[in-house]
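The structures considered in this document are given below.
In the two complexes below, chain A is the common chain; its partner is chain B in one and chain C in the other.
Right after this comes the complex of A and B.
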């Protein structure tokens, strides 16, 4: 795999100004997505995964505000572009997004075929009959039986799985380089989830696109993605390949998350004590420290730096920092500081 | 073991347009023993929730009978109050199952009042406080409203509301499906602890097979209103016999790459329960369909291994 960086997010901070106070939704998130990969972003409700996606598409709206940071897409800073430029060149063309509830995301008063054709006419300069032909082809590509009939139907006549296929067809119609899939299968049954995920995988390799898959389900990521980022309360706590995260998790939150999921490996469920913090008053230092079994005094005071565990594997935790320092001291005999630059 | 609930040929048809019916549950027979943790597993539209609701007499079956400790409860118009107290239910969505304009105190306490279990207001408050503590919450929540609580806390209130009446058995209808995984573990561990303490029988409704494996002792796999496979949880996990169960196992995402098997991706979608397929309900999506017999004759539940029942013509 050629390791060209497609999307790079640097120190992204997003706040929401609500009547209760300022919700610090993203607290300096760093992320790199390489071309052609399937990247999974995992975390619980309110950890900022969807906000990250909206920031990439410049969809953070009032009362939300991007305070700081840079988002580079194909080496262009998206945050420096004006609204028109993003709309004309990026959103819906270069970067598209699949939503969690396809039936709510589709236009209820327009038939399925026209919705897809509309995107083609607007973005690909096709005339109407060309667009219609292409629409049927796209619907066939996402394994919809009787595409001519489905194209004439409206979204409410579709089941969840079918609507998600229509959505995927629409999002692939403009041949995007990056597809953001926000919980694409959460509302679907397992048997339909398997169909949709395998379809998505096939199409992505065929169209040579890159995917950012957002989900709360680590097992879905383990099956479909090559790399994973784990988020907690607005921080990226650990990034690595699927194998590194599942078999050698470093951050206590990642470890807790793996144990809490009912899976083929678990015999009992281990809970993470406490609850997700209120981001109006996030905990000081490491945001996970009130729930962490290994918390030390320093965790309350400072935000841990992102350190490299091994190639491609980063984590932000003082526990690792300690071990890391010890090791690098041995390696360098008290010489140079072996800290890797933050990811 | 003492039998607590017995279902005989239970059917529930909901009227749907003219002369049509949604066959939500179609001829289900089951028996549940005291202190069982019985899992009802299936995808949406399989009838698991309808079955659970019939067990606590929230809805009446169209035909068939339900026995509770040998006494029929399905045909009785007026059900004994004490019987009602003995069967409680925790609903799936804690955001809609708690009255938004009532205080926590009144939500938990209303059952005590209806059943005349407390004599004075003081006794009521003490009892509510005791159960709040039991589900891991403090007295400070007594005078709050549901909107002030998180999803996990709300589900704890729903559990306290059910438990305070000292029931014999509880239907847990996907109690954690709307919660985050770390909170899910917390609620389930609490439920298991309470079961030990109060000697409860649980009906655990879920769509998550791995969860069912951890929690339950026996499971029934449902599809379109019928039971496809039923037996001890471990034996079903070790040796799934029905093609539907097999497919279901193969498609759940797995953490461990080595446990990944060839996926049996089911073709198409669940057929409409208004016009379910004739014969075996699963034949339209089955990879192991034998032939005409599957389309014409509905296979009966047969005991293939000890305490392991399957409804499939493959085992005729």
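Right after this comes the complex of A and C.
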């Protein structure tokens, strides 16, 4: 991928200062998103996907705090910008965000058309009649039947899928270069999910935008994304293309996730043993080691480095570090067959 | 030709008005239906309407001038010429009550015109920004709320000097904390909702979020509270006038009329009684209407809009 890097997150740490103690939500996350791609971020609930997204918009809410790290967007460090600057130049103009529950994300007392027009007036300096015309056009673009009628209706009169389309229209209205979609299809049923995802895909290629799709649903990722990042307990454990992640997972956690997808072949439902760690007292070293079948003494002591296992495919696991050192040691079953040499 | 076309366009525009605003119209119809279904609200509405008509058309309705004295006709009992009798200076009590409606409504409207915007402004700021802004505004509000409202209004009224204008200022100063608290509470809950987060993600400024997203939602609560408070305002204003802190003679103020008339309660009962009834009716009417509006604006009572 010789494309340009649109968003680069370097060693991002976010803590939440709660009554129970400091929740170490992000533990040095690294991420690169290239222009024009559809990047999926997967992981369990509470692993830091949404925190990463809000950190990009500098919207980490109290009691959360970005401790360290850098977020480069178009080669500008967003964390060095002041609040006004990021609000005026980035949010809404360069980066927008689609929320999980579309009906809750629309203002209940403003009709749908006004909400989109409002975004246009505020961000694009349009006058009212221009904004209204554009709104109808946008609604038509997201496949809403009778856009004039829907524009006059209020969010509670819409179904979930419709509301999500209105939301998409609103967030694309300002022609952002990066669209963050935070579990956009979680609240929708499966057939509507597929519709919304394919719509999103179409629109993105049409508007030449980049998408950061946050989800816990691997099938959604498999369907739509070009590259995937897997997060676990505040760490980015594996990054690769969809094909690499789905067909050739390297990190034990990703392997567990893939195995846990119900299939026709296996009658048993495979799970990853244990449960998500408490991030007030995260496990030492690799945060996954208490649940890992391949854990070694070193996993308890040190945080694994990110290693390249093949082209475009990185993972943070000591299994590969060792393999990298000693070359093709097949002691750990199920791994890649000697692929680690390209780093 | 051109003008014909314009005329036709205009006619179409008029004709399609109903269609374009169908949801608003059906909503309005439902509101009317709900009011008509509730007899107490109707009574309240009727009282307030009569009061308003009295206030606006007082010079045309009132049979006599409210301030001209007729010392030859002092303390006349109710008769055909003076339906509610005359007071100690020979002034027609009915006329004074009719003019008094205007004074009472003026107090209510001016106090609310000061307090609603003030309360909204301070409450929104406190709730939205939090921190030290919140502390300063709400602790000030707490100080005002620590005193009984009538006592505080009296103290401020005394300090400013007795007059109708100062009464309004005094009442306004004692009432704003209620609205500020209400607006703050609403703001606190609304600002945590997802659509505010969505607005932030769109880069909307704090000002726009406050004015276009939070204000429209909390305004209905505040309006209900304001209608419920209208009776209170009349009551406090009458109380202050009764104590000599409010309207000064010869203003036809109900509280003042009760105050000067109380010396005649035993032998000429009509002098203080009728203005007292006027206060009672007005407060009662405002309370009934306020309750009615609260019930009607309750979304659980309304059917879904289609």
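Definition applied: the second predicted complex is superposed on the first by the 319 of 343 C-alpha atoms of A that agree within 3 Å, B and C clash if a C-alpha of one lies under 4 Å from a C-alpha of the other, contacts with A are read in each partner's own complex, and residues count from 1 in each chain.
Quick note on the criterion: a residue touches a chain if its C-beta (ideal position, glycine included) is under 8 Å from a C-beta of that chain, and two chains touch if they have at least 3 such contacts.
No experiment lies behind these values; they were computed from the predicted model shown.
Clash-free side-by-side placement of chain B and chain C is the outcome of superposition onto chain A.
With both structures placed on the common chain, the touch criterion links A:104 to chain C but leaves chain B unconnected. In the superposition on chain A, contact of A:119 is made with chain C only, not with chain B. In the superposition on chain A, contact of A:198 is made with chain B only, not with chain C. In the overlay built on the shared chain, the residue A:170 is in contact with chain C alone; chain B does not reach it. In the superposition on chain A, contact is made by A:96 with chain C only, not with chain B.
After superposing the two complexes on chain A, the angle subtended at the C-alpha centre of chain A by the centres of chain B and chain C comes to 80 degrees, rounded to the nearest 10. In the superposed model, A:280 lies in contact with neither chain B nor chain C. Once the two complexes are laid over each other on the shared chain, residue contacts for A:5 go to neither chain B nor chain C. Counting residues of chain A touched by each partner, chain B versus chain C, the larger count belongs to B. Between chain B and chain C in the chain A overlay, the least Cα distance found is 9 Å. Note: no residue of chain A belongs to the chain B contact set and to the chain C contact set alike, using the contact criterion stated above. Across the complex, chain B is touched by residues 44-45, 159, 161-162, 189-195, 197-198, 216-220, 222-224, 242-243, 246, 256-273, 275-276 of chain A. Chain C meets chain A in the complex at residues 20, 23, 193-195, 197-205, 208, 212-213, 216-217, 304-306.
Those residues of chain A whose C-beta lies close enough to touch chain C in the complex are 57, 59, 87-88, 90-93, 95-97, 99-101, 104-110, 118-119, 122-123, 152-154, 156-157, 167, 170-171, 174, 180. Chain B contributes residues 43-44, 150, 152, 180-186, 188-189, 207-211, 213-214, 247-248, 251-257, 259-260, 263, 265-266, 269-270 to its touches with chain A in the complex.
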